[in-house]
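Notes follow the structure.
Letters A, B, C, D and E mark the chains in the order given here, with residues in each chain numbered from 1 onward.
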Amino acid sequence: MFAIASMNGIVIGVIYALSALGVSLVVGIMNVVNFAHGEFYILAGYFSYLFATALGMNLLAAMTLAVAIVFVFGLLVEYTLIRPTYGDDLYSLILTFILSIVLQNAYLLIFGPYPNKPPGWVRGATDIFGLFMYGNQRLAALVAGTCVIVFVFAMIKLTWFGRIIRATSQDRGMAELNGVNTTRLNMLSFGLGCALAAAAGVILAPVFPVTPTAGVPVALTAFVVVVLGGMGSLRGCIVGGLTLGLVENLGAAYLSTGYKHVFGFIILILVLAIRPSGLFGHKEA
Amino acid sequence: MSQGASILKSNRKNFLYGAGLAAFAVLPWMLGVYNQHVLIVCLFYTMMAASWNLIAGYTGQISFGHAAFAGIGAYVSGILAVKAGLNPWVGVAAGTVAAAFFGLLVGLLCLRMGGIYLSLTTLGFSEILHIIINNEYEITRGTMGLQVPGLTTSYSKISYFYIFLVGAVITLTIVYKLVHSNVGLNFRAVQNDERAASALGVDVVRTRLLAFTVSSALAGMAGALFGHYMMLITPHIPSLDQQFLVLSMTVIGGLGSFVGPVIGAFCLEILSEYIRAWGEYHVLVFGLVALVVARFAPKGLVGIYKAWRGKKRPETA
Amino acid sequence: WSSDTIKVGVVGPRTGGAAATGKAFEEGIQLATDYVNAKGGVLNKKLEIVFEDTAGAPDKAASGFERLATRDKVVMVLGESHSSAALAEIEVANRLGIPFMVVEAWADPITAKNYRYVFRAGPSNSGVVNDTIAKWVAAEQFKKVAIVAENTDWGLGIAELTEKAMDKAGVPYLTVTTERKSQDHYMELTKLKAFDPDAVLAFVYGTGLHYFVAQAGEVGLTPKAIILDGAGPPSLWPDFWPNVGEYGDLECFVSSMHEKVELTELATQFRKSYVEAFGKAPTDYKSRSMFDAILIAADAINRAGSVDAEKLVEALEKTDLTVTRGKVTFGTEKGGPEYHHWMPPMLVIQWQNKEQVVLFPAEGATGKLKR
Amino acid sequence: MAREDDLKLVQGVGITKRFGGVQALSDVDFEVEKGTIVGLIGPNGAGKTTLFNIVAGAIAPSSGVVRFQGEDITGWSAYKVCRRGIARTFQVTRPFGEMTCLENVAVGVVNRQPGCRRSQWTALAAECLEAVGLRDLAATEARHLNVVQKKRLEIARALATRPELLMLDEVLGGLNSQEIQEAVAFIQGLRDQRRLTILWIEHVMGAIMQATEKVIVLDQGKILTTGTPTEVVNDPRVIHAYLGD
Amino acid sequence: MLEVSNIDVYRGETQVLWDISLEVAAGERVAILGSNGAGKSSLMGAIAGILPPAGGKINFKGETISGRKAYEVTRFGIALVPEGRRVYKEMSVRENLEMGGYVSRKQRRIDQGMEQVFALFPVLRDRRHQAGGTLSGGEQQMLAIGRALMSRPELLLIDELSLGLAPRITKEIYQAISGLELETTVLLVEQNVEMALSHSQRAYIMESGRITRSGRSETLMADDDIRRAYLGL
């Protein structure tokens, strides 16, 4: 029991971290909470389903194209909705909140109420050390998710893009003086945030099929992870995701399956009460 | 402007409010049962939007837990009525107090950080509430909803209309009094600049907590009344959909303006009655309207009206 | 007023999580109105259906019902697939004195409240559990069963009835609740696997069931244990197979419709006109349930010879009509859920190589349980 | 002894403040006598504003004690300190931009006199605006003011809290020499008519020389010297650290 | 090299600069003096593209740079050491310097530049892995100057060079600036009037958003009014 609970906690934790990565990035750089994060995730799931199933595209190509389209869509949303709200972070929250409801209902009209699932990459399950059986698609999602997370970390730590993102998040005006076009960077990073939501979407859709409203719980856990880990801290995002995954699964294993998600919130409240800025957060001046 | 003129103007304003209220109070006698129901729902949303506006519009705290507090009011009142056989009116009072209490707790937890933390924590709070309502099926009857007695012995739309009218007037009066009192000055000062406010003797945390608690209590009252009107309390009262409606109404009416939420509540509720026939399109249309207004007219309908009047009769600076 | 139509209201979810049901209802409505109006309509007028969205939420359902009655002035209301919404609606129906025929909401209290204006032409929880599930468990001689309940009124309610039935039959069981919105059932499944049951009675609705079936296969609970989908439709949804893959094989479900076995001639006719109208075979049996309900309503209106509510209730009580699922008669004995209730026959069907094999009842069986 | 304590309106003992590695103040002792105008000068980053912030309760000292009229007010929150009778202005002005000037000032009034009525605070706030010459702009939103007007509004707001000690942080910035003369007269007037005690940070040495009775010189978080203006400007250490030769 | 003609600048709705004109020739070192809030930083901001002028024009090497965004102005070869240093607190000294070289993004140029900065401020080499925010005030100011130099600017704008610096460090930095004179033109804002005048060829004096005087530094230094107003003598 403990073994599978921990294993599942880690897998789900990585999945949570992956889903929260985009939110964390956008909060960190732009101080904008993208409430419609879950809907971008779902959109990518739908696209990868459409391309792979209806158009019969190669799986990898379908996924890449889906992420690319959501990225462009993210750029558009930044341009039309988010950009005018810079400096008023609460207003962007209101706008993206409304956007999320609009998208949910648009999906319902376009894709219908039934769940959609792109084909799995692998089939079957693996026997883990003779302890328990574990779905292969989940293991694949774990690997893919870890790759995306490592990729994002590498990008942030090692490339110019990461450097200017970090600089901009610390001092936007100064970055501008150093020659960074922060307007374009914002657009790009919002797009990237959406693309990360999309990456999570295409990786997870074969495990958890997408429905018009399935984005809500995704976004909700992403927010919990981000607040838990500390606003805008990527490291916090990973630790937050893993903490949440483990707490929920161990709680479900030993306490109550019905209250699984409440355990996560309880941890969140405890952390906030003790460290108001989250595990890795900095208190804003 | 001289003192006298301003008193005159405020008297005229009061007179207008009074006359409008009187005219509105006789309206249901001229309408059918169905439209009476629509008016009652409008009044419910007026209470919700006006009280949400108190925190969002006047102190700049975007709470996503407003519907949750309405839910707490409704469930506490309903459970007391069903399980303890309490008079529903006592239940409404208890529900209001309970909502205030939870508002205070949530406020204490996250008002220190303010801003986005408050938004996300209230969101989490409303989710916890949902899970608890679903799981504690024995007490809350889960999604099936808790059937509760009405507030009056014989069911009549007209009497509910007046109950809700009184509720809305109470809510609006409290909001108006608060905003136009010394505390209201503090609300605005805190929203503008916390540090400067505290240097002028404003207890920032208490001011915010006060706004949050009062607003939660008012939501609790609205929720409790609504539960007894529907005679059924379901997890839909504290849902995100409901929160979305309240937020849209306030934003479309005019965030931070006194009449904005009232206008927003009436416009959107009546609009939604009309476009309901469009079935699955109606929420989408709703959202799009809200999105366009929020994006292009951040001050809502009230802002549009003011800008239009300002253009017609340019203010002398 | 003078109007050349008679309006009947339908309530059901067209938006929200169960919007699929609304779609099925719409199909049923289309076929039924065509059918009724082609036969001369009701009281020599055309039958018109007004569909009100409830979004699956009780409060919306109650106000939607009220809207149908007060704004659209319908003579009767049909429909609903959420027990919670139906329970809210019956209060309104009773208050306003509007006949209301519930179609696919299973909670016992809907008819157990013995409201004069409330009828049910569809399954009830106790009906499904006692007439179908318990008997099937006994017939298959399962030694141990697991009960999985989603934490909704329906899930928890039917699980409780099942526990009672298992107690009575002396079959040991383990009950596990699961969160309705949860996508990940590994922990629940691990607990079940440790219990090692012969059958899992899964009261999980919608996509949740798809997750459950697929993950049960992954953790190796199935195929050793047989899953019975207590709600029927999710196993028939068009996306069932894409979602569950090979793990769907051998899964069982309760349904009132089978792709081959038809109990009446009207059912065959329904299937034909469905395929003509929509270019595919009917999957969600709720379209047929709605079709039946409209036929029953039209019949009652014609027999009543008026749209007066009292007369309609009397006419409904005297219903004796054969619809797609058999002959309809409503119970008239007060005191239990059988009052104003017609329980249609239900089948237990197993997927065997993507073919539907009827296992139960024995008289309709087309094959044996495979494990 | 008692009389002597009475004279010290505010007194700091051993005030130390570290920001992480930055030692902003170390072991600062100072006192301000009732009814005087005391200048606080020193190079940028000497810790003057930090000292203000500590006295005003905006930040807590790492160690040390602040006494006001003999009462220990160390670590009190800003609003309590204000209600106790200490008002301050901000070096970078912080008006409530979306409120009118009258309302800006009213915030100060209502928190010092809770429960006062609208008519009362309107009158009191108007009077404070009058004092700084902003009466005509009472109904203007504060964000429309220019810099000098904003500084005056800061002073009006501070006066509205009926302080006994008024702390001014560089209120002369942006004024020309003529205006500086007027401002100095105004500040001396405040002391004389309202019986205020004033602690004043300013880089304009002329004004400090003219208006103050005592000058405290801070340098790198330490008191460099304290004395009459004339003593201070002639102190070679002050010339070296702050005035330049 | 730099020509500022008749610019008006607003911050929000308040005007902070009125009709400012000035010129800087290549290789020159020019000081801007003035009391607090006189508008010196606003002028620097206007040149660097942070505060677009509402009227007037700014030309750099014959091209108009007014109306361009800050990041574009930077690419013309202008670098600003802003008021308050503004080092990236959570990035290491090295990364801070690299950000200075973002305009070119060529690793070789960046390495070279970094060597030059380290030669100029040896203490930074010792601290290169330390986070910017943990440096002492003086070191932060050195870092800010070093970062500006990383882009190899033709015109270096320095706002409040000596702000918060101990006099000794101020002197060191002035000496360093003097050493740069061959390549770089410097326009600097300074509170320490004496220091500024003795390390510049020309100076402008600003009051309440206007330029009130200008002239050669030695002349101004000898001026009694100025000595009284700014040196408190």
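Rule of thumb we're sticking to: a residue touches a chain if its C-beta (ideal position, glycine included) is under 8 Å from a C-beta of that chain, and two chains touch if they have at least 3 such contacts.
Every value quoted in this text rests on a predicted model; they were computed, and no experiment measured them.
Under the contact definition stated at the top, the chains bordering both subunit A and subunit C are B. Least step count on the touch graph, subunit B to subunit D: 1. Averaging C-alpha coordinates per chain and comparing to subunit D, the farthest chain turns out to be C.
For the pair subunit B and subunit E, the distance between C-alpha centroids works out to 53 Å. The centroid of the Cα atoms in subunit C and the matching centroid in subunit E are 77 Å apart. In this assembly, the C-alpha centroid of subunit A lies 49 Å from the C-alpha centroid of subunit D.
Mean C-alpha positions place subunit B and subunit C at a centre distance of 38 Å. Shared contact sites, meaning residues of subunit E that touch two or more other chains, are absent. Among the residues of subunit D, none is in touch with two or more other chains. Residue positions of subunit C touching 2 or more other chains: 15, 19, 22, 151, 177, 179. Looking at which chains touch one another, you get A-B, A-C, A-E, B-C, B-D, D-E. Those residues of subunit E whose C-beta lies close enough to touch subunit A in the complex are 48, 50, 69-71, 74-75, 79-80, 82, 86, 88-91, 95, 98-100, 102-103, 105, 147, 151. Interface residues of subunit D, counted against subunit B in their complex, comprise 56-58, 77-79, 82-83, 87-88, 90, 94-99, 103, 106-108, 110-112, 114-116, 118, 121, 139, 157-158, 160-161. Touching subunit C in their complex are the following residues of subunit A: 1, 4-5, 8, 12, 53, 105, 108, 112-117, 119-120, 123-125, 132-138, 208-209, 211, 213-214, 217, 249, 252-253, 256-258, 260-261.
Across the complex, subunit C is touched by residues 32-34, 37, 41, 131, 134-135, 137, 141-145, 147, 155, 230-232, 234, 236-237, 239, 276, 279-280, 283 of subunit B. Here subunit A touches subunit E in the complex through residues 160, 163-164, 166-167, 170-171, 173-183, going by the rule given at the top.
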